[in-house]
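Sharing a structure here in structure tokens format.
Naming follows writing order (A, B, C and D), and every chain is counted from residue 1.
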Amino acid sequence: MLRTGLLVSLVAAGIGLAGTAHAQQKTVYMPAILELSGAGAVSGTNFRDGMLMAIDEINKAGGILGHKIETPVLDTQSDAGTSRAQLQKVLDNNPYVVFGPVFSGSVLVTQLMTLKAEIPEIVGGEAAAITQKNNAYVFRTSFGQQFSMPKIANYIHDSIKAKSVAVVWVNNDFGKGGRDNFTKEMKDRGINIAADISTEVGQADFSADVVKLKGANADAVFVYLNEEESARFLKEAKKQGIKAPLIGETTLLGQKVIDLAGGAAEGVQGHVGLTVDAPIKAVQDFAAKFKQRFNYVCDHNGIKGYTGVYFVKYVTEKIGKFDSKAFAEKAHGITITPKDEPGILMEAMWDKNGDIDRESFLGEVVDGKQKIVKTLPMLSKK
Amino acid sequence: MASFIQLLVSGLATGAIYALIAIGFTLLWQTSQTINFAQGEFVMLPAFFVLAAMNVGAPYWLAALIGIALSVVVLGVLFKAVIVDPMMRHGVLPLVITTIALSLFLKESVKDFYSSQAQPFPAPVAPRDLHFLGAVVSLQSVVVLAVAVLTVVALHLLLNKTRLGRCMQATAQNPTVARILGIPVGRMVLYTFLINGALVAIASLLISPIYLAKFTNGEALGMAAFIAAIIGGFNQVRGAILGGLILGVLDNLSAAYLSSQYRGAFPLVILIAVILFRPQGLLGRVEERAV
Amino acid sequence: MRRLGPSALAIAGVVAIGLPFLLKPFGVYLISMWAVLTIAAIGLNLTLGYAGQVSMAQGAFVGIGAYTVALLTAAGWPFFVAFILGGALCFVIGWLLGYPALRVQHHYLAFVTLAFNTLVFLVLRNEEWLTRGSYGIAGTDRPSLFGFSTDNARAFYFVCLAILVLLSAATWWMMRSPWGRAFVALRENPIRALSLGLDTRRYTLMAFALGSTLGGLAGGLYAPLVQFIEPGSFSLNMSFNLLLMVIVGGSGRFFGPFVGALIAVLLPEWMRIAEGYYLIVYAMLVMVLMVFCPTGVLGLFEKAFRPKKAPPPAPATLKAEVTR
Amino acid sequence: MTAVLEVNNLSKRFGGIVAVDNVSFTVNDGDILGIIGPNGSGKSTLFNCVLGQLLPSDGTVRIDGQESTGMRPCDLNRLGVSRTFQLLQVFPQLSVRDNLILAGQEHQGSMTSRLFGRPDAGLGDAADQMIEFFRLSHLAEEQAGMLSYGQQKLLDAAMAFMAGPRLVLLDEPAGGVNLTMLGLLRERLQAYHAERKATFVVIEHQMEFVMALCTRVLVLAEGRIIAEGAPEEVRRNPAVIEAYLGH
């Protein structure tokens, strides 16, 4: 009796507590579901901090349509099941839009639910599949892999003129997705994959992988790893004297990797989708403010979070009301320029699938700094 | 051939680190039946002690000493007094749960109170590469290997050549008999925890320059040390060293010559084979305990 | 205690049926997850708590069950057929995993099963032709029952609850039967059991197989509940979590898994009031709980209700002994 | 008439050490055979070889004429060979009644019927009778671990009889038991023997116990049989006195 009664009240208390984050007067409820612990903690934390900056700025300036933004951030533990639970929790409180998650697997599970609830979801995931499901409520904040990989492929084909390429990738959904899209693009361009090397999350010793690379003797090496692993790989590649150019996508050329790798990142080249080192003043100012407030260098996820919030602000002001359905309709095909909304940092356009289009860059690491050598125009402006 | 030597040498350097961590793991098991699932986090943490000390202005050598001292106190004394002692008599499983919770606690604490970002960590030696039979080895790896070997030799001497060490071994092998012989068993157990605290701190200093200091570092390290300890012999210090080295080399060789996608599987298959056909480990002795 | 049993059970039943009508979909999802994880924990409690065979691979069986159901239903098989097949597959694999237990015991067995769990993860991730690899499988449909779709949260909760009730009743029956006695004998004194004519080999394998089957059946519900599975969901973390449920609830006690799963599902949610620090607080609470009641929550209750008697020795401790 | 137990030229070596050396003996229906000998004389090893716990190096064991060498203990038990242990071997968390049901259940039906049949495997009454017989009725529902040492010894013996065995091997039943309890134990064993015509083999140190209980005694020293006969004969045998006093 006693035991059961106690349990019941505990259960009720637990679930009751979980549902208290109700929207109050003059606020708009836009919760975020992010990877704050587990494998995705770095990405999720960056995304969150970027969002926080934007929210504070907007709230200080009076909010959106006079409503203060209320954004509780819920941890998914980088796990799909927990993501689903947390999304359900915020859906129960009728959000206007939902931010996150970043992990593609978690996006795939949550986007089914936001579609059903007709709530726009501003995601950080980059897997191609996310926007290929005819879902009118999902919006990206960065390139999907189906857009970034052709850019890399063009670069390898046109600039490096490689006939064969080796690919080193991290064996999780992020790395696998990148590798699959990349391989497809290489085949389309008639470039031979000389070595296909899978590595583990948290891998420490890359000597075997670099030995294999040397054996493959490819004209170029495409590296698609997370930050620390990128740095460890670069150190090992330098040590064993890899001669072929090392090509990366965004992460490999990030300042964080450059710092962590010491001198080993010198000469690395590649495509940079979204970077705090972009030759754009607004972006660099943002990066400086971010560094000052959070005491670390922001990665592309920070920019995603920041611009994502401003995206919502701009679209909402265009429709003039908090209407989730109207938001989703309006946001498709919208173009936002920094002139209209400075917080968007760079001109951005969302297409009918929710994919984002922006300028991007080709870069190179010179003297311990990322140097942008070429700006690639938006796809829609070609 | 050059690439084989490269794999071998790199594998040995990585394996030496696994060995350092695995030794502490086996020591704790022997004296207190603690299967420490937080051992990886124990290696992750001291690097942050050092970084914190350097942030308040301590030079590297002083920060390193502070890191080791703190690690001995927190991961040695406190860990034993607060967690292991009250739980020891309740069997192994509750303690296993507790160390799993402890590993989550340490990870999350570092993430929330220090940073979720990977931190560069100062290296004790200059970043130079040495050439050796066609293979390239960083000076750092050589130092790691050397320190690991020295530590192990010192530990071996301590355990086998000193009275204290023999008392500790007696405690590990049969606490009841040791107590009858007048050995202060409690203190001997404490010493093994202190040694583990120091070992993980040394491992942390050695590997953080290569792996970078990050709160998730313990996950892969802890598992590697665990596998190394079992392959080598769960109840022998020498076995842990052999296990560590085998694991480091095996990982490289299997990734290079067999399958990189299944690189993680080979050590596990060997682990299962060792347990089933030589449960005392490659160098371990048969465990004999009165029922 | 014993006299309170039926009324407590009746109240629990009323609560289990009434609760989803009071809760929002999030709450319903949580208690559905509780029901699913309880099934897996009952399985582990059978293997570990009753029969004393330390298994750290229960998460892998949840994964095998989940993948079986996700893949077969995606290929057009009816849910309940896939569900049963998932359980059957786990029975076979669990039986095979039991063989090491005939050679080694306790911590060595824990290590073997732990390695097995990681191997299963690697296979799920690498064999893309079969499992779709690290992309995972999204959108497993919830079953239809007699023409009624159970797609909504509440309906599916009742599916989970019904299966939980069914399986726990079956487990209860088994634990009262000679098999239950044999499992306990296996844990407490395998040598003596052998000399009393117990075929310890067969019972050990059976304990593994049945525990794994329950894990697989739980997985069969996990896939349509979450509607997304990936190899990472069934790594060691899941096994550790299930182990935690069994030990924290009270290993070798029938209602232990129910309480343990409740704690493992709800405690982190309650702790979210600590915001960013909630996992720290959660980890601390687990440690405190273990330090103060190593026999689990139910062990604590027993102590409170029967203060006079010395508690019986904790089950599933490590004793070095070898059975033939 | 075939012997209940027939041991032929049985040897057991551990490495270079010969623990049991070419031992042969038979036990007939209704016998109570005592096996005595100084520490390390090979009694327990002999027992374990007969019971399938150890594999003999040489020689054969027959039960009722059927070769049983190398059979697993559980299969032997189902042939009707039962035993008690030197150290306490009950199941501490099961009740006394459940201990006894457990001891008999594997002799009832099949695996399947044990799962789907009656929870007590139809042994409830038999268990209660056995509890009664060993004077444990007041403790029937207690956890066995809560019983005193002597009571656990009684339970251990009761469990050995539960399945109505052909042959019971008792390993130091008197060890560590106080005198009152010892009297009760001996009296019950004799009563059981008289009632059911059971066949016993007893290993024991306690001479009085053996002399009072056994019909025949066999003396082991250094793995070999050095004397065999009625208790009184053996007691006077100079080789036996030598073996006991010489060490």
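One rule holds in what follows: contacts are C-beta pairs under 8 Å (C-beta built on N, C-alpha and C of every residue); 3 or more make two chains touch, one makes a residue touch a chain.
Please read these numbers as outputs of a predicted model, since none were measured by experiment.
Contact count check for A-C and A-B (C-beta pairs in contact): higher for A-C.
On a Cα centroid basis, the chain most remote from chain A in this structure is D. Centre-to-centre separation between chain A and chain B, using Cα means, comes to 35 Å. Remark: chain B and chain D have CA centroids separated by 50 Å (rounded to whole angstrom). For this pair, chain A with chain D, the centres built from the Cα atoms lie 73 Å apart. Residue positions 37, 39, 171 of chain A each touch two or more of the other chains. Touching of two or more other chains is recorded for residues 125-126, 276, 279 of chain C. Those residues of chain B in touch with two or more other chains are numbered 108, 261, 264, 291.
Pairs of chains in mutual contact: A-B, A-C, B-C, C-D.
Note for the complex: chain A touches chain B at residues 37, 39, 41-42, 45, 171, 197-200, 202-205, 207-209, 211-212, 214-215, 227-228, 231-232, 235, 239-241, 256, 259-260, 262-263, 295-297.
Residues 51, 53, 72-74, 77-78, 82-83, 85, 89-94, 98, 101-103, 105-108, 111, 114-117, 119, 121, 143, 145-146, 159, 163 of chain D touch chain C in their complex. Across the complex, chain C meets chain D through its residues 174, 176-179, 181-182, 184-185, 188-189, 191-200, 202, 252, 309-310, 312-313, 315, 324.
Listed in rising order, the residues of chain B touching chain A in the complex are 3, 6-7, 10-11, 14, 107-108, 111, 115-118, 120, 127, 129, 136, 138, 207, 210-212, 214-217, 219-221, 248, 251-253, 255-256, 260-261, 263-264.
On the side of chain A, the complex with chain C involves touching residues 1, 3-5, 7-8, 10-15, 17-19, 36-37, 39, 74-75, 77, 79-81, 84-85, 88-89, 91-92, 105, 108-109, 112, 127, 129, 171-173, 176-177.
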